[in-house]
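Both complexes below contain chain A, partnered by chain B and then by chain C.
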Partner chain A sequence: MSFIPGQPVTAVVQRIEIHKLREREHLILGFSIGGGIDQDPMQNPYSEDKTDKGIYVTKVTPGGPAEAAGLKMGDKIMQVNGWDMTMVTHDQARKRLTKKNEDVVRLLMTRKSLEEAVKCSMGGYANR
Partner chain B sequence: MELRDHPMELRDHPMEHRDHPMEHRDHPMELRVSRETLVEDRDPNGPLHSFLGNPGAASSPSGTGSGSETRKRREGGGAEGGESCAGDGGPQCFHGDAGHQGRPCPTLPPSDEDLYGGDEDSGPSSSLTAEGSCSLAPAVDLLSYSQREWRGNTAKSVLIRKGYQQMMEGFCGVRRVRGDNYCALRATLFQVLSQTTQPPDWLHHVAMLPEELDGPEGLLSLWSFPGERQPGDGKRDPTQRLKGYIELLRKTWTAVADCPSALQRQRQCEDVFRGGEEELGLLEALKLLMLGCALELHHRMQQGLDVPVFCWLLFARDSSPCPRTFLTNHLRHVGVSGGLEQVEMFLLGYALRCTIQVYRLYMSGTEEFLTYYPDDHRDDWPCVSLVTEDDRHYNVPVVKETTTAAAQEAASR
Partner chain C sequence: MDTESTHSGYSYHSSRSGRSNRHGERHKASSSKDSSRSERSVVLNPPDTPSHNSHNSPNSHSSPVQNGGEPLPGEAVPEEPDPGDDAQDDNWGETTTAVTGTSELSLSQEEVVGLGKSPEDRARTCRRYLPLALGLLVGLLVLATPLAFLLLPVVLWPDQLQVCGAACEGLFLSLSFKLLILLVAVWALFLRPSRAGLPRVCAYRGFLATLTLLLTMSYWLFYGDEDYHGIAQFAVSLVDSLLFVHYLAVVLLELRQLQSCFSVCVMRSTDGETRYYNLGRLRDFPLHNPALLSASKLRTDKQLAGLKVYNDNSAHNELYYEEAEHDRRVRKRRARLVVAVEEAFTHVRRMKKEDERATPADILEVREAALAIFPSMARALQKYLRTTRRQHCHSMDSIQKHLAFCLVNNMSPKAFLEAYLAPGPTLQYGPERWMADQWTLVSDASVTGGLKEGTEFLLRCLDFSLAVTVKDIPYLRLAEEFVDPKSHKFTLLLQSETSV
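After this line comes the complex of A and B, so read on.
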């Protein structure tokens, strides 16, 4: 998932649909994010490439909507409802996830174990 | 970071419209912090975690100041849906550089605000989130609603807008329903009550339902109400509580049916659906009716009698082979952690003895665009309409007739 200028970014992705929970007047998704182009990527424990400024899931609230949808700690969020999340500031990322008029967020996410699962199933052919 | 030099061609990507995608470009390397925020819509400038231990780092340059400015501009400026661009003709702008000679599109909000940004406290959506307000937002024009919610040229947006367009033949508006896991029940009950002129016959026979269900099967001991983690957590016995809710349903139905005019009936319903215990009680009563119906149909199945097709599907699910498991694995979670599945919508229709006609917009162009729950009593049961974009959240469409009638009335004066 590292970004090499001049080469297309590829990743094995999964779609996850989170139905926000309404708690009084707040919408709860049940996870925390870290990362962003305005943040320090060296601190991110989940990224392979320490220059990756993408948005990562740092915590998933047990029993919350995100956990129910299958989101896991360490997942990288690529898109939210079609909006790119690979080149956004931390605040932009948060805003995209917490729009009040949206009850459902459809995430496109990726995690290392997905890549490995695909690599294994392809008998190592994908390793170029 | 020059996005234009990025290898990924962003031609039709939703980000395309942004000419200055990153306001922070003026200080690219200055904000070197590691923030972690809980994703919710509360104020992010509350307690912040930070790997570096920096307490509450300053909010990002985009801040909240520009938000209110945008809001003012939007409210003062063109009417909703009135934004148009000299380019493609739609309300959105995908011109890239060609349409505006390198300047940002003048109809769009400042580049660091999303197309949907600035809406947070304006418009009908805000009334849904305030406590004690009606669980149904006021009606808005159908076409402008669809254009506002589904901007863009993705296949999905086009499909959904097409669906709304097709609904224009019979409907002119839509009311958004409070979007929690009760919304299917809420929308259906609101529609049924606001159109009722006489309480149905079967309503008089359901008073004993809680005791009947609890009796031999002891089913109701498995019931759980929202807010209780385990069945029987609450102080009141579920049977008595549900009996109270059934009675509330009966009283409410009768009161609404007694209203002299459609408008008053609507007002009365809006008064009831305020997100409080009254509304909750009615919805739990509906769930009880569904359970009763499921039990009855299951008995018929076991006796080898004819039952509607959906029953086979309902009880063919691994998680609900019988009414007891239907209650524990499905019904008691409705409103809490899950909504109604389609097969359960059939059950709801049967429980209320009404046909729920649902416009399923993501199915527009197919024969499932308009689905009847159930479809075998279209001639003899009353019919109510709902609209959904995804079979998860249901809204209430507003019929054209009332506005036509009002217009005719106004014209004849």
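After this line comes the complex of A and C, so read on.
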């Protein structure tokens, strides 16, 4: 999840599709985000690298659509519906997630355990 | 009402010295007007009291006579206060208006002053005023020499003299004014009574005195019979040189000491009270800072005697409870004292216009007013001072004087109490309380050296000693950096959380 400035970011990502839930006149996804390039990355409890200004999932509403789709607390969101989320402000991230004309949000997210799982399995292949 | 024909001046101190024949007597108030008294009686310890027997040393510190040349104040009977004083003498606070006659033990003031002139006191007085006398001598010499230069030709060989014209007048004028300036300057710099008697001669002063004498002697050597104009110029040049020597004196004695470069830590041995002072560059070991000697508040080590020692198991517990108990008692007494004083102050107020028509018996002078309200607070004050073990610092007379002072200056009860609640510096208690005027410098380093970093020495007096540690004030390296006011810019560090 850490990045080297100037190099392309590589990560093992998981695709998650969340269907928005209509609650009165709002469409909600059921999670909270934190982070952004205008925010203080040192206060992010989920990031491995404290200079990472990406968007992270800080809370997942129990029983909400995000939880049903498999989103977990601490996940870093890399893309939302094709839009990049690694270099956006907090407000831009919010806007991309809450577009009124979209019912479904397809996001690419990553987490540490994914990387490790892949490494383990790759390591198994490398030994062969 | 004749209350001041004769009276005895006691301190709270002396009445506790254990004379049984005094216990039954009512102790008195001091008189109201000091100046109108012609005779003051002073009570001395009879030789058979235990406190007198314990001070059998030849020096006069333990005797009731403190300073030879000065008349004894009414309460100067210094003794070692004994620890168990709480039970004795409850009469102190109870009565203030009865006046006792003199007893057979008291002497009049003249006799006491006559007693004071013992040989060692005379020697000490001599030593104390010796520098002043020497300064006066040098000053007279300085004054006399130029005048002698001018007058000698007129007196000794008037026939050889040529008349000197207007040029001489100018020289005489400048000479007289310069002499006047020199005299004032010498008086200002040298003829000051010294605050402390130091064991060594100040090197700078010695050097300056020697220089002045050398200068004057060499001028006398070259004093020849030239024409009068030349003599006048000679005299003026002498005065100029003396003025320059005085300038040198100002620089050496005053200006160089101003820059502080030592930080001195003084710790008293009996109770650990510590003070810090910044001192200037001192070539001589004796400290020119009289504030150093009067810094510590005078509390005797009977404070330490109050702590009892138990066996190791319960030592901590006992100490803790004893200190807690003591604190509680102090607070309780203090609260009662504050209430008593406030109430006492409500009983008296300044006379207003309409009171003038009141009966004359109700109109009181300051001292009488103080005496009138004193009894209501005396007991509470006495108990509080006993609990904080400071009763020997304040005699009844001094308390009444302080009360009169507060009444005259319209002070609040709290202002009156400040002197007793907060222990102040030693000087406030008056010279008869501050028993240590003889100090000894004890050091294992050379006593002739100057102060350096890490110097440690002891200033010892009779009751306690002050441990002095000298530290260098560090050399500060100061750099400059200019900050453009426009460069003060800020960013916000947020961590928002938005729910989507």
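Methods note: the second predicted complex is superposed on the first by the 123 of 128 C-alpha atoms of A that agree within 3 Å, B and C clash if a C-alpha of one lies under 4 Å from a C-alpha of the other, contacts with A are read in each partner's own complex, and residues count from 1 in each chain.
Keep in mind that, in the parts below, a residue touches a chain if its C-beta (ideal position, glycine included) is under 8 Å from a C-beta of that chain, and two chains touch if they have at least 3 such contacts.
Please read these numbers as outputs of a predicted model, since none were measured by experiment.
Q: Sharing chain A, do chain B and chain C clash or fit in the superposition?
A: On the shared chain A, the partners clash.
Q: Looking at the overlay, does A:R22 come into contact with chain B only (first), chain C only (second), both, or neither?
A: In the superposition, A:R22 contacts chain B only.
Q: With both complexes overlaid on chain A, does A:K72 touch chain B (first), chain C (second), both or neither?
A: A:K72 contacts neither chain B nor chain C.
Q: Touching A:P5 in the superposition: chain B (first), chain C (second), both, neither?
A: Touch status of A:P5: first partner only.
Q: When the two structures are overlaid on chain A, which partner does A:S32 contact: first (chain B), second (chain C), both, or neither?
A: A:S32: touches chain B and chain C.
Q: Mind working out whether A:D103 is in touch with chain B, chain C, both or neither, as first, second, both or neither?
A: A:D103 sits against chain B, while chain C stays out of touch.
Q: Once the structures are superposed on A, label A:D40 by its partner contacts, choosing first (chain B), second (chain C), both or neither.
A: both
Q: So in the superposed three-chain picture, is A:K119 touching just chain B, just chain C, both, or none of them (first/second/both/neither)?
A: neither
Q: Between chain B (first) and chain C (second), which, if any, makes contact with A:R94: first, second, both or neither?
A: Touch status of A:R94: both partners.
Q: Tell me which touches more residues of chain A here: chain C or chain B.
A: B
Q: Which region of chain C runs into chain B, 1-9, 55-63, 109-117 or 487-495, after the two models are superposed?
A: That would be 487-495, the one stretch with clashes.
Q: If you lay the two complexes on top of each other, which residues of chain A touch chain B in one and chain C in the other?
A: Touching chain B in the first complex and chain C in the second, residues 28-29, 31-34, 36, 38-40, 43-44, 58-59, 90, 94, 97-98 of chain A appear in both lists.
Q: Within their complex, state which residues of chain A touch chain C.
A: Contact set of chain A toward chain C: 28-29, 31-36, 38-40, 42-44, 58-59, 61, 90, 94, 97-98.
Q: Of all residues in chain B, which touch chain A in the complex?
A: Residues of chain B touching chain A: 1, 3, 5-8, 13-15, 21-22, 24, 31-42, 44, 49, 51-52, 59-60, 62, 112, 114, 116-117, 119-120, 125-126, 129-131, 149, 152, 154, 178-181, 337, 390, 392-393.
Q: Mind pulling up the chain C residues that touch chain A in the complex?
A: 493-500
Q: Of all residues in chain A, which touch chain B in the complex?
A: Within the complex, chain A contacts chain B at residues 5-9, 19-22, 24-34, 36-40, 43-44, 58-59, 68, 82-84, 87, 89-92, 94-101, 103-104.
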